[in-house]
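Both complexes shown next keep chain A, but they swap its partner, so chain B is in the first and chain C is in the second.
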Partner chain A sequence: MRMNKRGMMDDFFDFIFTAIAAFFLFSFIFWTLDYSVKDSNEESMAVLKNYQRLDSAVSNLRSEAYLGYNLEGADLDAKIKESKILGGKTITDCPDYVKEGDCTNNPVGLYSWAKSFCRWNEERKKCERITLA
Partner chain B sequence: MNKKGAVMHWIMLGVLIAIAVFFIAAKKPLTTEIKGEWSADFLKDNYLEAEKEILTEEIVLRNVGMEVAKELAENGGLSKDIISECETIDNINLWNSKDKWCLPNVSKNVNEEVIIKLKTRIQEAKFSEAGFNDSILFAKGEKKEITSKAGKYIYDTSAGVDLGYSFEEYEKLKSEAEKLVSICKNKKKLIECLENNKPTYWKLGSCEQGEEVYTPNIRKIVFCVESPTNYYLVSHVSFLLVWELVKYKLALDFAPTNVFPIENLMVVSENDEYKITFDQDEMATAYKIYYTDWDVTNHIPNDVGSVFRDLPKDRALRVYETILISDANNLKCEEKKEFNKAYLCNGKILYNLADAKIKKERIYFLMVTTIVKDTESDIGSFAELK
Partner chain C sequence: MLTKKGQFDIARKTIYWMIAGVMITLIVLAFAFIFGGYKSKLTYVPGEIRAEYIALRFANNEECFAWQDVSGIVHAGIIDISKFTDEQMNTSCYFTNLNQGYEEFNFGVTLENEKKSIRTNNYYHKDDYTLFKEVLIRDENGLIKKDRLIIYVQEKI
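Coming up: the complex of A and B.
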């Protein structure tokens, strides 16, 4: 079969069109999949970080009880839920602050609603929870 | 381009538009499932919930353990308000009475007290047994399950906490108490013996007043024993944590198995009278005076039977007399003293002996024994009547 010049040009444009269409199609699909995977990863990490925060909060309360603080009757659920991360460390209660500045300033905002506050014990070099009667 | 080719182009464009519309309309990416979602849900809804419950149990168990440790220490190892089978002195439980020992069964008491307290404070869980191993206090619980959308999680509700205090310290105190009683029970100077032989952390007297509780006739001593291992227990005073050294309140009975021989026997002769003096024994119910011209000095100190074993039976060959001073607890001191009558003055027993059988030219040997109920002491010393 013999092809004339116009036929050849048609085939060439068909090829260019298909290539451009395929480029956009694959770019779109790639972007969509990549975005989805990243989004999924971020959500997974967020879930894990949240679990890690809750799990650390449980450990914090366990060590707080070990130090002698009386947590019997305290709302542990609330303490665990309200725990926050400061500099990679989970803060659940005053003894979790290891620096005097953090203890005094209470950047996490512990007990903003209760008659308790954090106070640095210079003698023991520890942050203590003080509850007013 | 023929007609068929043009249609093909439009189809291609249509497919692209359709895909774009689909994603835009769906408003979310293709893959939205979170990786490890089931695991995360299982950890959060099952494992973490179980951990929270165990944490609550541990907090209560720690407080219960501290309370039980304090109560037992204050009651000589017995449960609160329980009185020792060996009875009490000044409301403090005795660990022994004469030859009987009533040492506390600490394992049993800890088990009972911890279980009772846990039952009242954690209604949701059932504990079958509590005990200790070194400083670890544990309570055996039942198996429970938590069911969530992620599945079922079965866990053990048993809890264990490090109290920083060991109930095993009682074993040390028991052996020290037994040793102290065996060393000092037959020592007349009890307080001196105790001061010399008790460990430094055993204090005479009550923990509150620190005074020496000593009733001479009873020989029951109250002790305040500070923790040999320096264990402290926490208590909450207002908003402060107060760590207090563990102090055990207990009492021991040093009732002697023997009757003590009398001490400081002296005889002063004036004409035909002999003024006999010796130390009072606060436990004595009677005293017995012996005098003889038969030389028994080689057999002293010894029991009465052995001292007089070689005494001739023929009364013509020797003088052998005995005088019983009964009612030793009711002797009085009087200015004018009669012959052959006993008096108690300033902790000394005085007896003015006058006996016509005593000849000036002979030497007589005088001995005194203490009698407590039906038991007579050995003869520890003698004095010469010249």
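Coming up: the complex of A and C.
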């Protein structure tokens, strides 16, 4: 009878061991799969945000062309790549700043590499790009 | 003739396998649930991406608000202000089922500078997120101005 009790205890511990192993196995599988999906979703959203920024930048340049700003000789690729989002608005060039303070301070750092800067035109109430000769 | 110990061993194994059987069934079910859930997660497209694709029509399709000149050329990204009406939205641009449409994507669309807003037929201002699009608008006099399209997205109620 003592043998049988020991046998039952063996079975009981086997059972507990199986249950704990299964729990950790499930946790691991679940975590791995869930993490990979979350990771790919985050990547998709990052790609979407980048697409939205590029789309807005292209629209900004098209607007400039329609509105008569001179884009001749401008490096459009660089402008598109360097466009940044400020307060939900994509800034590609000086005319995209709508406030005088933003225009003067140039918080996204447009033309940090070129001989150009943004200046507020009080008469036209618009931000303009000034290029030094 | 089985001894008492032999009889007990058989009974013990039966009890063990009864409990283990339940456990094994639970494990198999859990696996099935995990992989079923994984499959649906893997094929899920975030709502913002779907909304972005749907919203492309607003500024790029002549059946929505894109300007179409007299020669028939559609100017993507330029909104014809005369088309920017609820009627245009609900007749040829985007329309959801009258009864069940609230379960689909609905949009409130605003032109920021013009301060003009329209909405789809089942939009009830329950905004899940907002999309922005830089656009040009063409007014009644043919003048082109810069504006921003703000698209409020209601995924479903």
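In the analysis below, the second predicted complex is superposed on the first by the 130 of 133 C-alpha atoms of A that agree within 3 Å, B and C clash if a C-alpha of one lies under 4 Å from a C-alpha of the other, contacts with A are read in each partner's own complex, and residues count from 1 in each chain.
The rule is short, and it goes like this: a residue touches a chain if its C-beta (ideal position, glycine included) is under 8 Å from a C-beta of that chain, and two chains touch if they have at least 3 such contacts.
It should be emphasised that the depicted structure is a prediction, and the values quoted were computed from it without experimental measurement.
Of the two partner chains placed around the shared chain by superposition, chain B is the only one that A:I80 touches, whereas chain C remains out of contact.
In the superposition on chain A, contact is made by A:V37 with both chain B and chain C. Applying the stated contact rule after C-alpha superposition, one finds that A:N105 touches neither chain B nor chain C. Contacts of A:A65 after superposition: chain B is touched, whereas chain C is not reached. Using the contact criterion defined above for the overlaid structures, shared-chain residue A:S27 touches neither chain B nor chain C, since it reaches no partner. By the touch criterion defined above, A:S56 reaches chain C but does not reach chain B. Residue contacts after overlaying the shared chain place A:K89 against chain C, while chain B stays out of touching range.
Here chain B and chain C are compared by how many residues of chain A each touches, and B touches more.
Comparing the two interfaces of chain A, the one with chain B and the one with chain C have residues 18, 29, 33, 37, 41, 44, 48, 51, 55, 62, 66-67 in common.
The touching residues of chain C, counted against chain A in their complex, run 5, 8-9, 12, 16, 19-20, 23, 27, 30, 34, 38, 41-42, 44, 46, 48-49, 52, 77-78, 131-136, 144, 146, 148.
Only residues 10, 14, 17-18, 21, 24-25, 28-29, 32-33, 35-37, 39-41, 43-44, 47-48, 50-51, 54-55, 58, 61-62, 65-72, 76-77, 80, 130-133 of chain A touch chain B when the two sit together in their complex. The touching residues of chain A, counted against chain C in their complex, run 3-4, 7-8, 11, 15, 18-19, 22, 26, 29-30, 33-34, 37, 41, 44-45, 48, 51-52, 55-56, 59-60, 62-63, 66-67, 88-90, 95. Put simply, chain B touches chain A in their complex at residues 1, 5, 9, 12-13, 16, 19-20, 23, 29-37, 40, 43-44, 48, 51-52, 55-56, 58-60, 62-63, 121, 161-162, 234, 236, 238-239, 241, 243.
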